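Chains: A, B and C, in written order; residue numbering restarts at 1 for each.
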Amino acid sequence: MNAFDWDAVGEALPLLLEGFRVTLLATVLGTLVAAVLGLAIAVAGRAPSRLVTVPVKAVMEFIRSTPLLVQLVGAAALFTSVEPLTIGIVVLGVHYATYTSEVYRAGIDGVPKGQWEACRALSLSPRRTWQAVILPQAVRNVLPALGNYAISMFKETPFLAVITVQEMVFEARKYGADHFAYTEAFTLAGLVFLVASYPTSLLMRKLEKRLGH
Amino acid sequence: MSDFLSTLVDEFPQVRAGLWVTLQATVLGSLLALLLSFTLGLMAGSKLLLVRGVSRTVVEFFRGTSLYIQLFWLYYAMPQLTGYELTPVVCGVVAFGLNYGAYGSEIVRGAINSVPRAQYEAAVALNMSPFHRMRKVILPQAWVQMIPSFTNLLIQLLKCTPLLWLISAADLMTVVQQIRDRTGETLTAYLTLLAAYFVLAYALTLLMNLLERSAKRRLGLHTGTRSLLRTRSAEAATTAGGAR
Amino acid sequence: MATDSAPLKEPADATPATGTAAVEPLVRFDKVVKRYGDHVVLDELDFTVRRGEHVTLIGPSGSGKTTILRLLMTLEKVSDGVIWVDGSPLSHVRTADGSLKPAGEKQLRESRKKIGMVFQQFNLFPNMKVLQNITEAPVNVLGMAREEAEARAVDLLDLVGLSGKVDAHPSQLSGGQQQRVAIARALAMRPEILLLDEVTSALDPELVAGVLDLLGDIARSTDITMLCVTHEMNFARDVSKKVLMFDAGRVVESGSPEKIFSDPEHERTREFLNAVL
């Protein structure tokens, strides 16, 4: 039984913050993938043919209902030549795209039917209809939800350590193992998460209120 | 039949044991989460600032620090700090329970707040005690609203159970990966594993839908059979913004 | 309609000894003020209701009528002043030095024993069938035996003309039927004072008469004191013995229905009656 060792905290912190940069990078890029891919999936889900919509829906349901960790480890085992960080960002992005696509879908469904009819009456091309009329209205209210998913993803980035991405928790485990100081390393890592995610989620709540959710 | 699948069949007792560990962690973790959801959720509605404050702090703490870290803290750090060691499955149950209990308390709080104030007033007009009002009038109505969100949370919890592999509990993921290592069939192995979790998730969703239907019946609301087969993840995804 | 009111005939248990009731009114508002922020709803309101009286509160919307009922049911707190019921302060307790301070939940529950309320939107409990809506409080608040409570509930459902709906869910009933159940539910608690808050406003027009008839029957066949906020001037005329005309948080005029409706003294009363009649 050991007491809490403050020296170890001072020693581990720079290492963890080094790893934290990778954590942030994965979160930002993963969110970007999720935001763009999610939108594409949502638009594909409105395709006129069931040959498109049904398979898209099924694949989304499957990815959403299965563990991120299995997807990550499986992808890393299959694509051994790809850099782990890249795999991590893509898998995180795809997994979360199945969620963000639903957010976009709800946004698109929220655009009044009259808007579609007006576009048809003006003979706008499908491309113009989406670009100029539907999406600008649909996307406005999705920001807080996207932000909340970004925070969730942030808290799931430690999964990347499993496929040897050297993010913060990877560093914490390594330090803990090397110095037999797991308590200090994991406590510190947890606090870094708390300090980073709590103000961000407060910000999102404020944004939600402002947009009148 | 592929090597992997025949080995899977040969090693069925081991697979069943792994499945059992996964289910145990899911069910016990959910029960602990449910208990905490109600405790923290009811505390959040207290008149006393201190009680509300404790609830808020606990919720923000377990939501804000990653589940992954909570699990590792319990498994690696706690024995070092206290000399007291938990088995891997117990670590999993406690970490899942604490983390999802924190999220679940928001569901309970929100559902209680969504019961119309008029119901509370009618209960006051009948001179019911605060406890009686909550137990017989508010909670039964809030419960119906909670079930879909709890279903979502339950699936999220199930999806986190493969973390048990990392703290050497012999769960489903561990067992299937061992068989994969022996046969070398990576793609089949992971697709099988994903399919297994998908089936589990769907089965749990069906059970929760049944629960929801019986709860709705008690309010005199009837739902079609089709709604039983519906998955919840899609609609949860759009509303999860606040709950996650 | 069944007018057998057996479940109602028993006198309320807190009837005071003869003599005192004549002196002290059952309900007395003493300089009651109710404010929401800067907005004054009731402005030093004084009025009394005698035991057994059926009083109708009329007046333009926003004049504070519903607030009076909500204060009496202790759903709201007074900002200033005291409400006296049967000689005791409703939502205050006496401290050692004789002054009054706001009551806690325990004292409020004591005060609520005498009072029942029927709401505009019925507010039946959707998670309970009709029978349980009526028996829940008698069994768990009054401590009545379940068999007795159920027998009384069946009698009361008979009284309100819904004998067949014992096992129905509230959601399966029409608005008028729900309101009848709500009336039965309130009566099951044997209130001395029954507060009726625009009980017909949410009903389809063809259902209003039935509910009003029922309330008229109850008023005639029981000794329950009734305070009624309504826009149904017929009800005010036929059932109540006293009409209070409210405007801007004060009583501008009070008297018998005949007097108020045929010969109103106050300009505001005339304006109001011209607008609604």
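Here are some notes:
The rule is short, and it goes like this: a residue touches a chain if its C-beta (ideal position, glycine included) is under 8 Å from a C-beta of that chain, and two chains touch if they have at least 3 such contacts.
Everything quoted here is computed from the prediction, not taken from an experiment.
Here the chain at the heart of the structure, going by C-alpha means, is B.
With respect to chain C, maximal separation of chain centres occurs for A (centres as means of Cα atoms). Averaged C-alpha coordinates give centres for chain A and chain B that are 20 Å from one another.
For this pair, chain B with chain C, the centres built from the Cα atoms lie 46 Å apart. Taking each chain's centre as the average of its CA atoms, chain A and chain C sit 56 Å apart.
Partner chain A is touched in their complex by these residues of chain B: 60-61, 63-70, 72-73, 76-78, 80-83, 155, 158-163, 165-166, 173, 177, 180, 186-187, 189-191, 193-194, 197-198, 201-202, 231, 233-235, 237-238, 240-242, 244. Taken in their complex, chain A has these residues touching chain B: 1-2, 4, 60-62, 64-71, 73-74, 77-78, 98-99, 102-103, 105-106, 144-145, 148-149, 151-152, 155-156, 158-159, 162, 169, 172-173, 176, 180-183, 185-187, 189-191, 193-194, 197-198, 201, 204-205, 208, 213.
The touching residues of chain B, when paired with chain C in their complex, are 118-119, 121-130, 132, 136-137, 140-141, 218-221. Across the interface of their complex, chain B is touched by residues 73-75, 105, 109, 112-113, 115-117, 119, 121, 123-128, 136-137, 140-141, 169-172, 185-186, 189 of chain C.
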